[in-house]
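Next up, some structures in structure tokens.
Look for chain A in each of the two complexes below; its partner is chain B in the first and chain C in the second.
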Partner chain A sequence: MALSATASTGSSGTKDSGFGYLVPALLLVAIFFILPVLMLLLRSVLEPEPGLQNYATLLGSTTYLKVFLNTFIVAGVVTVISIVVGYPVAWLLAIMPERWSRLVLAIIILSMWTNLLARTYAWMVLLQRTGLINKTLMGLGLIDAPLPLVNNLVGVTIGMTYIMLPFVILPLMGVIRSIDPAILRAAALCGATRLQCFLRVLLPLSLPGIASGALMVFVMSLGYFVTPALLGGTSNMMLAELVAQFVQSLVNWGMGGAAALVLLVVTLALYAVQLKYFNPNRAR
Partner chain B sequence: MKYQIAIALFSAALGFAGSATAEDVVFTSWGGTTQDAQKAYWADAFAASTSINVTQDGPTDYGKLKAMVEAGNVTWDVVDVEGDYAVQAGKAGLLEKLDFSVIDKSNLDPRFVTDYSVGSFYYSFVIGCNKDAVEACPKNWADLFDTQKFPGKRTFYKWSAPGVIEAALLADGVPADKLYPLDLDRAFKKLDTIKADIIWWDSGAQSQQLLASAEAPFGSFWNGRLTALAATGVTVETSWENNITAADALVVPKGTKNKEAAMKFIAAATSDKAQAQFATATGYAPINLEADALMDAELRKTLPDMQEAPQVNADMAYWAAHRDEIGTRWYAWQAK
Partner chain C sequence: MLLDFEKLGGLRAFLIGLTVLVCLFLVLPIIFIAALSFGSSQWLIFPPPSWTFKWYQELFADPRWLYSALTSLKIAAIVTVLSVVIGFLAALGLNRGTFVGREALRALFLTPMILPVVVLAVALYALFLKLGLAGTTLGFIIAHLLIALPFSIISIGNALEGFDKSVEDAAVLCGASPWEARVRVTVPAVSHGIFAAAVFSFLASWDEVVLAIFMASPTLQTLPVKIWATLRQDLTPVIAAASTLLIAFTIVLMVLASLLRKGQKS
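Right after this comes the complex of A and B.
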């Protein structure tokens, strides 16, 4: 956002629109991103023979529909939990003294920079039946048998929420920081309880941050691969895993392309919603 | 500045071209302890004796292989694949015919030789058990499918390949000589009975981790991975009862630029000495029939093809013919 803003102010001084300078970059995107995707999508209507049979198979099978449904359930659950957990953190970051908030922010960002596989494997070690969490709980006598925390929806939700949290916290923190604290004080002076201050003042004002954070997490979760593949079981497979399975294991690129297109269409549709209703440039 | 970038790009391009000269082979396999041994006893020995450099890559990916061949840009010269895939890919036109004037097939196990492939090594799916973690270990496939007698999680190979379907049918009482054609309905019905107790392993390393941590105290494993695990001090019990054997194959993707060197590498990798050393290190059996003479007799007895327990040979021709059909059904069943 900031980049495009400076670019447009920079070029507004000259007569040249600057489009010519974009050509190399656009070519790069076209050749390395758009063209391969188009080719894969073409395969979905050409292999094994021209027609829409791949889409018919994909949308006509209860198994694959279950994968779609499961993808939305996981993305939805992860989004809700990310918001619920991330909101207080963002709030805290916004009102903390700066040197503390900088430290906490650094911890959050540092975790984002750590290798995704390493972080996911760490969860595997923690969550498994013989893992630290289950052993501790059993040692304390709180449970008799290990809780099933991994190779299922629970594991996927925990692992993905952890990875998505920064994407909720950062935009939310920005929005909450921009809210004038005087408004909250005014509400308190007018007799609002703390809960009312939160529910009727802070929450509505931070809604744009919640919405953009939620949409970002939801869209990212829809196409997520590594974490569900490692922490999930086969019976709660997500769409990206299905695509990988078609492409790599079954070497059926027609079906792989069809599944990828469905994922792409859903993602683009959600992105369009974001642009239309939650565009930060428009809100200003 | 622009010049610097141009020079950098140019030299990078040169370097790239340089790495793909004729006397250079890229070998792709499945990673882990198995590929380590392939590198040590096949690739490094070959490079030392011929001055043909062998670069390791991996893991094997059939989608990638197909993409390379179709795009005419093959960067893998020799690939370790599953036996049934080799048969299928050969028919589909994805592989080069092997040059048997370079590769001496007279000593190779004829079960694993086709126009497009030779055996790589020979392994078994066996029942492994972490003895320290459980009171009793399952002795046969029926035990492994019996959640009453052996409660807890068990682990099986995740991908569609010869092994698990056969195990389910054997557990359900199908005689070993009546397995093929596979009764898929019956196999999936049997698998349904333990589905909730299965943790799938998708790589050999993961299977070792599951067993060592007792996350799944028993299951079906590649025998060599158990040998490697036992060597690290884990108390592993292996049951060879009706072990299900299959072989990996070495193939050359169609259109490779280093065909000659690839053939030479395969010849070296399947030689008696390379096969004997690899088998000694991994616990997999050699596919070169002359390798026996070069191996320690006691150790030779522990390998898959020398077991006294009954053994089931997975039918590679059957699998090659039905690979897609079984695979589609397998993954759909898993996702259910």
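Right after this comes the complex of A and C.
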């Protein structure tokens, strides 16, 4: 105790709270993150004239309402599919022999690390009218005419699920791995059927992981820009595209700022829920 | 028994079947792109009528592709160095600091990672227009540094958690200056965290699209911006060629990372 006190006093000559180390990062974040975001929000209530009319327009028109609906529906559907499909995979990954799980993990990580545009390009090609998926389905005689799979929300949902799946599988795998198999053996010994074991033991025990994974995917999907812009077409806009469009094409900083604030508030609120209820650091 | 691989019974076949399908879903588009990049069809017919290198020739014949790749590389390299250095200092402060509000600051530093990138992009773009930083390399570096830094703080912070500070203090007691002790004792001890921070920071910048679209100018484009701009025009197989090279690069990085991890264990 005395030794470490001497050493840390010696390191700076004065009492060192360690705050100095944070100065470069703090400057960066203050000047280039907090300041510009605040300035943008300020513009949303000041341009073109002071008042809340930007928010009134944004929340009062059916055009923008459709954008909000699109955003929440796609994010919701992507979240549900990712959890329903991802959970069994995470389950198997948690218990299968290591040589196999390593292969599956390599595939998941490869897909995660592959450039986002390359992956989205793949889906643009696969889903187009003359693409492989439509051709295969027609070849099998399942459909007569090509399905519209791209430039609509179906395409966006497929492309986003592809991106989000790894973000569900990896944390869920960790959660399921940390469950003691003896608990399930005990449940079975006490006469629980497989279904009861699953519904009343395994699922409740993995629920914190499911909730936190779902929340993360939902938040990430809400603010996604690239995939909706490329797979969704111009008539099926999502919120992030709306923000970009206000600024880039319409040069309307007031509306752009207002749309950004809506996105920001929803995201930060969900992030706060995540921190409060599912913080891994606090759970420990 | 639901967590015993051997005793899953019929459920096991279901789980394995689903996992195989998900693996195919994840890996087939990547293989598909690689195959198309060697296919001769302009219209991306699959399977391709014949095989060719012409999309790669076209890719390398256009100096803008190479130039944008070099721009990406330069920006990502600078961002990596800055992110590791600033991230190391910040992680040290967050790990050892005794000041109030440490947890709040940690959350603040990680926020750029959670925030929708488009909000950050639009906000920075507005500021950079005022400061004259829009369309400059410096603007790019600042924007990418903001999203790379959280990765460094997390990776190095985790490594510091597992490092006993008294080892550093011992070096100081043995006559090293505090900074000498940090550089020659602490930095090597957390080198795996620093390596992870460098890889993640590099990829965060190298693959970043949204900020880049706003920071770019007609004369200053990173590789993702070039791909984005081309994609908005048509689905030319040249993008398949560029994507395949990017995928190959990713695999090389993954193999390197796993080799290094193995080397550290032994």
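Here is the rule we go by: the second predicted complex is superposed on the first by the 263 of 284 C-alpha atoms of A that agree within 3 Å, B and C clash if a C-alpha of one lies under 4 Å from a C-alpha of the other, contacts with A are read in each partner's own complex, and residues count from 1 in each chain.
We adopt the following convention: contacts are C-beta pairs under 8 Å (C-beta built on N, C-alpha and C of every residue); 3 or more make two chains touch, one makes a residue touch a chain.
Keep in mind that what you see is a predicted model, and the values were worked out from it rather than measured.
In the model built by aligning both structures on chain A, chain B clashes with chain C. Applying the stated contact rule after C-alpha superposition, one finds that A:Gly141 touches neither chain B nor chain C. In the overlay built on the shared chain, the residue A:Gly191 is in contact with neither chain B nor chain C.
Using the contact criterion defined above for the overlaid structures, shared-chain residue A:Asn151 touches chain B, although it does not reach chain C.
By the document's definition of touching, neither partner reaches A:Pro50: not chain B, not chain C. Shared-chain residue A:Val247: touches chain B and chain C both. Touching more residues of chain A than its counterpart among chain B and chain C is C. Contact with chain C, but none with chain B, is seen for A:Met96 once the two complexes are overlaid on the shared chain. With both structures placed on the common chain, the touch criterion links A:Thr130 to chain B and to chain C. When both complexes are aligned on chain A by C-alpha atoms, chain A residues 128, 130, 247-248, 253 touch chain B in the first and chain C in the second.
By the touch rule above, chain C contacts chain A in their complex via residues 1-5, 8-9, 11, 14-16, 18-19, 22-23, 25-27, 29-30, 32-33, 36, 43-46, 86-87, 89-90, 92-94, 96-99, 105, 107-109, 111-112, 114-127, 142-143, 145-146, 149, 153, 165-166, 168-169, 172-173, 178, 203, 207, 209-210, 214, 224, 227-228, 231-232, 235, 239-240, 242-243, 246-247, 250-251, 253-254. Those residues of chain A whose C-beta lies close enough to touch chain B in the complex are 61, 63-64, 66-67, 128-130, 151, 233-235, 237, 242, 245, 247-253. By the touch criterion given at the top, residues 61-64, 66, 153, 158-160, 195, 199-200, 213-215, 324, 327-328, 331-332, 334-336 of chain B touch chain A in their complex. Interface residues of chain A, counted against chain C in their complex, comprise 3-4, 7-8, 10-12, 17-22, 24-26, 28-29, 32-33, 35-37, 39-40, 43, 85-86, 88-89, 91-97, 104, 106-111, 113-126, 128, 130-132, 162, 165-166, 169, 176, 179, 181, 184-185, 188, 194, 197-198, 201-202, 219, 222-226, 230, 240, 243-244, 247-248, 253, 256-257, 260, 263-264, 267-268, 271, 275.
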